[in-house]
Amino acid sequence: MTSTAPAAGHALRERYDAVRGATERFCEPLEVEDYVVQAMPDASPVKWHLAHVSWFFETLVLREYLDGYTSIDDRYHFLFNSYYNSLGEQFSRPHRGLITRPTVADVQAYRRHVDEHMRELFRRHEELGLAIPADVIEVGLHHEQQHQELMVTDVKSLLALNPLRPAYRAASAAPSGEAPAVEWVGTDEGVRSIGHDGRGFAYDNEGPRHKVFVHAFELASRPVTCGEYLAFMEAGGYQTPEWWLSNGWTTVQERGWSAPEYWEKRDGRWQVFTLAGMRPVDPAEPVCHVSLYEADAYARWAGARLPTEAEWEVVAAEAPVEGTFVESERYHPAPATGSGMQQLFGDVWEWTMSAYGPYPGYRPPEGALGEYNAKFMSSQNVLRGGSCATSQSHIRPSYRNFFYPPDRWQFMGVRLARDAG
Amino acid sequence: MTSTAPAAGHALRERYDAVRGATERFCEPLEVEDYVVQAMPDASPVKWHLAHVSWFFETLVLREYLDGYTSIDDRYHFLFNSYYNSLGEQFSRPHRGLITRPTVADVQAYRRHVDEHMRELFRRHEELGLAIPADVIEVGLHHEQQHQELMVTDVKSLLALNPLRPAYRAASAAPSGEAPAVEWVGTDEGVRSIGHDGRGFAYDNEGPRHKVFVHAFELASRPVTCGEYLAFMEAGGYQTPEWWLSNGWTTVQERGWSAPEYWEKRDGRWQVFTLAGMRPVDPAEPVCHVSLYEADAYARWAGARLPTEAEWEVVAAEAPVEGTFVESERYHPAPATGSGMQQLFGDVWEWTMSAYGPYPGYRPPEGALGEYNAKFMSSQNVLRGGSCATSQSHIRPSYRNFFYPPDRWQFMGVRLARDAG
Amino acid sequence: MTSTAPAAGHALRERYDAVRGATERFCEPLEVEDYVVQAMPDASPVKWHLAHVSWFFETLVLREYLDGYTSIDDRYHFLFNSYYNSLGEQFSRPHRGLITRPTVADVQAYRRHVDEHMRELFRRHEELGLAIPADVIEVGLHHEQQHQELMVTDVKSLLALNPLRPAYRAASAAPSGEAPAVEWVGTDEGVRSIGHDGRGFAYDNEGPRHKVFVHAFELASRPVTCGEYLAFMEAGGYQTPEWWLSNGWTTVQERGWSAPEYWEKRDGRWQVFTLAGMRPVDPAEPVCHVSLYEADAYARWAGARLPTEAEWEVVAAEAPVEGTFVESERYHPAPATGSGMQQLFGDVWEWTMSAYGPYPGYRPPEGALGEYNAKFMSSQNVLRGGSCATSQSHIRPSYRNFFYPPDRWQFMGVRLARDAG
Amino acid sequence: MTSTAPAAGHALRERYDAVRGATERFCEPLEVEDYVVQAMPDASPVKWHLAHVSWFFETLVLREYLDGYTSIDDRYHFLFNSYYNSLGEQFSRPHRGLITRPTVADVQAYRRHVDEHMRELFRRHEELGLAIPADVIEVGLHHEQQHQELMVTDVKSLLALNPLRPAYRAASAAPSGEAPAVEWVGTDEGVRSIGHDGRGFAYDNEGPRHKVFVHAFELASRPVTCGEYLAFMEAGGYQTPEWWLSNGWTTVQERGWSAPEYWEKRDGRWQVFTLAGMRPVDPAEPVCHVSLYEADAYARWAGARLPTEAEWEVVAAEAPVEGTFVESERYHPAPATGSGMQQLFGDVWEWTMSAYGPYPGYRPPEGALGEYNAKFMSSQNVLRGGSCATSQSHIRPSYRNFFYPPDRWQFMGVRLARDAG
């Protein structure tokens, strides 16, 4: 844990205020009731997210570095720990939605309490030159940005369960048009390096930067669209076991899937639930809320495959970080426009065929932050590039997101790859 | 469905206002968050209770009898139907806690909308002499009183799940003292009549009044106390299969029961969660929150048995309707005092060994109200006498409550009986 | 426990040989494989039944009364105890089908070992005048007859799961014809006595004989037929919640029931699986393999109700014990013929609306036999009269069988009743 | 699909006889009852294995290549298909143990029927020069060898469930001694080639041979022993979440694991169930029947990690295929002896950290054999090297076995690796 000079501390404080403010801005359209309920065990109540991200700063920064700090309520240490075994017992995750007290107002007071003391910490640093754990604070801010994305997707899952299908907020006018044709962009075989190069922030799981042998391949210039996915559905995609992984086919049968999450057929037409309410499926948009199994089956049907994470990163390392991010407040992917490689960043997370695991030479950090990423390196797949619910300041080419193959509630989409030559 | 004269209508309106007001008074100490969550599938959110009892008046009274009535939102008809198949589909019961909209404020507005129109109905009756369905309104008020009791027990189950064990409201000073010794009050064998005699309100399941042969028996003068139940526990009650019904023993094993619901051992002493928070178990109080299985096992251990509902009613028909009711705002049973037959009414519901079924000659009413009681006549046991969460104006000797043998979240207790002679 | 004179002992020995022999005769058509598997947790493997009924004689007779008796394998005491907690731990019931050793041959040797020693006990009694526990042996024989019936129904459930639908044994020629019209036979109201009168064998749960007030009623002269039940099905019986108990409707939905157990629609016609294989449903036969819920829904649809067990017994006490029993080796109910009250005994067990509970003044026997019936007096309903899988020497008017409302794998049918006057 | 010259056909026929004979030899100690039961959904009854491997030859060889072939029973095509969707519907896998007919004798007749016709096919080939699908037959023989291994492990899982813990067969005298100290054998970084090189038989999933960048690493010279694993257990291995993957820790909690599968503590000493019955744990033997989670937690505790499959193969490609195989009829791993790299083959399958997926450029075969391996490339991990239940003629350096992380019923063990330099 290192400290920084006052000038850097000043920038950090501004970033702290910006990130914390963004969290609260997202909540503004919510009713108190919306903060409390947990749509499913994978999701968490908004109230819990709000408290947990403050718990992170309290536990890893204030309790360690701010002399004389006392919590607003010591029981929050247990209630709002997510999964850090090294920091003590945790309240049962699937029951987070059963806790009505502390109330939303209590949690907002908790946030203010933490904010005030974080600002005191910054002040002491800037005015008195006391050291601050800049790297832990940086992790805390990226952590909060991750939870911002989860708040978007968890609120969506909650409102979608309501038979009234209420909107989070009215939609801005949707872009229209037709998606450009797919181009296949090739890369030659060879030993390449992937992983974070040490410039700027990265999570521990993005390193060490290391060599990997990449075989010649081609990557599609944009994600698969709803129109293309509809063609798969109409070709019997959800009825034909030959296109599916065995686990995928079992999942389709058990859960009765016949379309992406949030799609509903009404009067013979496919509609989709968005944070702006129900509306017709737009064939030009990237398909999203599909599982790894659906992404993989689509790819097999289309005569292609999913990329590996190394293939994706080799291409993305050259691309600008542009696309539809959470800052757009669109909360839904937008159709691609123009030509050449597009939408690698933003819009939809792109499933890769790579299982999530440690890079060669990887060692988790000491202490609680060692639990941040390492212990999840089993049975999940890597997704790359961020989505329309990700902050632009949070994503980068080496960023590794990870979810279980059947998961669909994130903004997950599909970009195809194929062997070259 | 009959109507009443304006004078009776006036009394009915006053009763309407009183019952509706009592519902709202109970809610006053609650936070918005507390209205939304469902602690378990058997329970419902307070918000749902508030809406459903208004739905009852809207559906069975206003839509039928108030010319020109329109609902505040037609979708509520589906959302707030509990189990009336003849009135259409219902929203999934175990998912009632996932619905954040309509909000609590919306539901309060819905209640006001219904109240205004009910008052308009009363006005037209009193001023214009238009007929009103007095008996349906009477059912609606008793229905709301039943839900008031469920609100008490459902809020209790919700707050008890919270690791902070928050109180609904601070306790009034608790009565103290020692329970009087049990007396055994005998009744001779013979043909008796039980069931409602037609004077005053009763549910359909309380009739017809009919003959039954009752064998000579004795009934305990008061319910089993916590002190007596502790003796059973200390004698290995929860570890000895011989005292248990087979289903009961299986339930004890599967759920890991070792004490009544809401009891917790802390530092070697038994504490109990009440709506006023945690406090030590009082040996003088009636034991409550026990299942039929526990009541039955206790009785067997004590060399006695549970009464039949006929035995109970034969004795209770002679007794005054006195005890601790919801009007006391105690929300917890009180120790018995004095001598002779006590606490038949109020304090704790008393499990009987009688399965809940139709009386000889019973026919359910026509229409939706035929679903009120009849279809539940399977696999449940009858409880008698009301509890500390029951309104005194709602209970009577012929009243038949019914729950499943493993249920514990109501204020359920034990009164012993034994064969005479 | 009393003993009998040698003459009675002689008759008992002959009965012992007859009952034990009947068990083995039933097994003759089975393959070794058929003895081992358990179709569902409610059922047991034939091998287990064969061993358990011998365990009963070994444990309650030989170990207690035959000096110097030693078991063939002491571990069988644990393996083949069904549910007698007072006799020690039991092997997990749902896993009985996972035990391949002891083999079928081992269990047959165990039976022979017990038989040889039981005959030695009889010999010592007859030749030496030593006392024998005649009443326990009598219970053991009735116990074995109960398991004979379970073997029939458990083998049926097993073969029915096999997609090849193998027959237990080829059918004898089936009777044909048309069922006689139903007559309604009336009984006046009054105080009656039911329960076993002490002449001949009875289980503890059939007593004490006691008074009960019976209201005037009428009983149908024969069970409901398949043809009548088909009319209910064609009238939307399985699609109309109004005819069902609430638990029944839930069960219909959860289990996807649309016909009695073992019925299958093939090429538009209803077939039924019998122990002689698949064949068309015969409209004249009593419907069987229906749950209490289906029996109750049928009755409601037909404008009638199920009888109480007192009503049934009052009528049956006057009737001869005639019908289709296991001795016919038909293993399926036969159509009624003739006129007047018919088929009260044999053919199909008749669901009653009475919950299974203790009669007034009932006390379970001391010791292990106290667990035989008493601890099951919860959440089950009484069935009366025996079935085509019951031995004629095992049934009587006061006999109380009991199963859970959703159970269907026994030969369970429906006789209607209705209020008179 | 190619054919071979008669000489090769002759060798193939001899191999056919050898493999088929080995299957039957394994069954000799079994009772009929042991063939029928399925210990758990992952396992299959021996009877099913016996039939399924014959079904494979019938379906993919005889029906396609032997003119005039007819099956002994056409319904077996459905009953004994495992998972080939392209060959039609399959009988439910978890219910394989409920099918008592066809009997064991029927299945043995089915095997003989298939064998006779396979020999007729070989005869026509050798005598008449007709083509045979040598490569499909070769797959069929390896397929049968895989099922031989499953029969060993499935019989073990079945006998272990029996409270009598019966042995499959008495043990031969066990080797004794102490395991040699671990040596760490290093390999330099660089681009290597792995995957099958086309010489001899291999499954499709072992190719294509391809380049991979391997970082410098060290591999332990022998698997982890029971003694070493006991030290982990005594250090609180099963009580310390920090050493576990998150999914692993959840699994430990949910399943209550505190030792490898088949270990039982009796009178304070660890015993292990083997196919020769219960005996004390031998500290010198390789630990086996551990999940990936346990292997990974052990490695983390020991300051090491699991190897990747590429690392393992780079080393194993240089090693002789020696170790304890099924031909030893030991059915249990043996202690290592001597020095240098040992037991890469046989004894225990070695978990790798590599998720099972397609090699670069992999394409599944056309037709039913395309379902053999490809569709399982999700959520499983690769194991390498074979076990004491694997045939020596079935294993090779490029062989990829795969199981789910929590699986334990195969002979799965642990070899450690670590980063070099």
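Here the chain labels run A, B, C and D in written order, and each chain numbers its own residues starting at 1.
Everything below uses one rule, namely that a residue touches a chain if its C-beta (ideal position, glycine included) is under 8 Å from a C-beta of that chain, and two chains touch if they have at least 3 such contacts.
Note that the structure is a prediction, hence the values are computed from the model and not measured.
Asks: Quick one: which chain's Cα centre is the longest way from chain D's?
Replies: B
Asks: In angstrom, rounded to a whole number, how far apart do the mean CA points of chain A and chain C lie?
Replies: Measuring from centre to centre gives 60 Å for this pair.
Asks: When the C-alpha atoms of chain A and chain B are each averaged to a single point, how far apart are the two points in Å?
Replies: 47
Asks: Give, as an integer number of Å, the spacing between the C-alpha centres of chain D and chain A.
Replies: It comes to 38 Å between the two C-alpha centres.
Asks: What are the residue numbers in chain A that touch two or more other chains?
Replies: Where chain A is concerned, no single residue meets two or more other chains.
Asks: Spell out all pairs of chains that touch, sorted by label.
Replies: In this structure, the chains touch in these pairs: A-B, A-D, B-C, C-D.
Asks: Which residues of chain D touch chain C in their complex?
Replies: Of all residues in chain D, those touching chain C are 31-37, 39, 47, 75, 78-79, 91, 95, 97-104, 158-159, 161-164, 166.
Asks: Under the touch definition given earlier, write down the residues of chain D that touch chain A in their complex.
Replies: These residues of chain D touch chain A: 83, 85-86, 189, 191, 210-213, 215, 241-242, 244-249, 292-293, 296, 353, 355, 357-358, 360-361, 371, 375-379, 405, 419.
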